[in-house]
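Common to both upcoming complexes is chain A, partnered first by chain B, then by chain C.
Right after this comes the complex of A and B.
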């Protein structure tokens, strides 16, 4: 289990490295090596670290521990085929973690990042509609039951494509350099994580690796089904590359535009769910 | 003072690391259910990693005052 957890961290960071590399190649830059995020994590872990004078000590440190802990829990729920609602609960909890990161530091950049994190909660609403549509068809919120349903009826990707697109957009909103990456946009330096440097940032990198692994794994499991691990890993790389293309070819939206687009997507998804509900 | 802090961090990393190993052994024996082992990982893994990093990081300096506006 601990071995799998470490593998998930490293592979998740590798996916983020691939993401950076693909974006760079699209922009005709050489880009960093694909293992750059793994090196980043190690580099930050060796850096001299302390707690800023203006920070709330307990929250500043505690939020890093919580960030790693919740995504570790999400990975175990996913592997056990548990309820998809628990994973989405953890996804929502991550929003509070981002907020905690920003507010604990006492830096205005961090605080703005935390506030934007709350604004971008609009991106989570399509997620719930997506889950509702999946539940409507599979009559279950257990991942193991969803996988069984797909073994009989085929991938949900082809049965409810709009729900898959909605979840894809949710994952897109969590990727760096994407159109909805308002939480970490450059005018805020590094957003909510501006003051979390050194070891704290290394901890955050571990959380990011786990989060990326869990979200990609979940998308493939929920919309394609249970597949062998090598196919799963190949699928995760393909998904990452497609997200990189989406990030590279779309502009970073301003906060209000980002929320407006996400609310429009939510509206479409609600209509879709309503139509499916009537048909079902 | 600094050495004492480093020793404490190393001890904490070792204790949580040992708990992870004990949890694994108990789970393999069938004494501890998988959920119990996973709960140990969720609690101990972040503490172990952060303490390990804080132990092996470069020498510490004074506190920093973040930029708080013009």
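Right after this comes the complex of A and C.
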């Protein structure tokens, strides 16, 4: 299991590297090598590390461990075919982790990154709607049951395409350089992670790798079904490339616009879920 | 939908008559997170928030006085305990009690800061939290009146009458009112308050009660 965890971290970071490379090529830049994020993680692991004088020491370090812990738990829940509700909870709690990263340092840049993370909580509601629609059809929130349902009835991607789009937008809102990436936009230096450097940043990179792997894996499992691992990895790369195109062709929205757009998407999704509920 | 297919197969149900404590993978996960952040509130000192002085290029670090620190830490720990209770309970009335306690503690965490803007935000949040107790406890009373029980396990079984949809909506409305704290982030006043381990407890407890009410509504 430890081996699989390490694989998930490395592959997740590779996906983020591919994401950067594709965006760069669309913008006619050479871009960094695809393994750049892995190198970042290794580099930060061996750089000098300290805690800012203004920081809340225990919280500053603790949130890094919580971040890695929750996404490791999410990976194991996913592999064990556990409840999608737990992964949904972990996804939402990642907001608190970002919030903790930002506030614990005392830096105004981190603080505003953390505040933006909380105000963009509206982006999580489409995920809930997506989960609710899936539960409506499969009558279960267990991933193993959802996979079994798809083995009989075919991929949910074709049965409830709007729910798949909702989850796609949720993943898009978590991708760097995307239209909803207001938590780490450049006017805030690096947003909530500005003050975390050295081994703390390496921990954050590990969390990002795991998070990317889990979200992509979950999307394919929930909407396409159980497929062999090589097909799964190929699907994750394809999904990343499509997200990179979406990020490269859309500007980063202002915090107000970002929240407004997410609220509109949420409204549409709630309407869709209500209509499906009435039909069912 | 099977109860076990929502938050996983329950590990253990501890019964005290009609009341019960309910350990499933989902509730235990949420409980552990509340526990971890409560430990942070116990052990961590508040950060010194760096702020810019208007009219110049000076900056200063805000200090939290010992008196304020003690009160807010107490409130954050109480909030953590209330959140842990709300995560594990399998009784609707206890659930609503814990939720209202979370609301009260969240107001306390913010209201202790001696800053006009922060206290304004706390006052408004307090009004919303107080108003929310009506649908919250009303929902618990209506569930007892329509089904004759407040036990979530009994409510899930087909032997008891179904809980009306409007009652479920009232319960969600009550929880949303008590957990309004994260929405006040948009006002930013709350974040003028230093003390990250305590401010985070506001957001965490609100998020946890939102997550738990989803399961509760699906179970009953």
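One rule holds in what follows: the second predicted complex is superposed on the first by the 280 of 280 C-alpha atoms of A that agree within 3 Å, B and C clash if a C-alpha of one lies under 4 Å from a C-alpha of the other, contacts with A are read in each partner's own complex, and residues count from 1 in each chain.
Operating definition for what follows: a contact is a pair of C-beta atoms (placed from the backbone, for glycine too) under 8 Å apart; a residue touches a chain by one contact, two chains touch by 3 or more.
Bear in mind that the values here come from a model prediction, so they are computed numbers and not experimental data.
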{"item": "Touched partner set for A:16, first chain B, second chain C, both or neither", "value": "neither"}
{"item": "Touching partner for A:108 - first (chain B), second (chain C), both, neither", "value": "both"}
{"item": "Which of chain B and chain C A:49 touches, first, second, both or neither", "value": "first"}
{"item": "First (chain B), second (chain C), both or neither touched by A:203", "value": "first"}
{"item": "Contacts of A:169 with chain B and chain C, given as first, second, both or neither", "value": "neither"}
{"item": "Partner chain(s) touched by A:72 [first = chain B, second = chain C, both, neither]", "value": "first"}
{"item": "Partner chain in contact with A:141 - chain B first, chain C second, else both or neither", "value": "second"}
{"item": "Contact residues of chain A, present in both the chain B and the chain C interface", "value": "53-54, 66, 73, 105-108"}
{"item": "Contacting residues of chain A [partner chain C, same complex]", "value": "53-60, 62, 66, 70, 73, 77, 82-83, 85-86, 88-90, 92-93, 95-96, 99-100, 103-108, 111, 114-115, 118-119, 121, 128, 135, 139-142, 145, 259"}
{"item": "Chain A partner contacts - residues on chain B that touch it in the complex", "value": "20, 24, 27, 34, 37-38, 41-43, 45-47, 49-50, 53-54, 56-69"}
{"item": "In the complex with chain A, residue positions of chain C that touch it", "value": "1-2, 5-8, 25-26, 29-30, 33, 36-37, 40, 43-52, 61, 182, 185-186, 188, 191, 194, 196-197, 199-200, 203-204, 207, 210-211, 214-215, 218"}
{"item": "Chain B partner contacts - residues on chain A that touch it in the complex", "value": "1-2, 5, 45-54, 61, 64-69, 72-73, 76, 80, 105-110, 194-195, 198-199, 202-203, 206"}
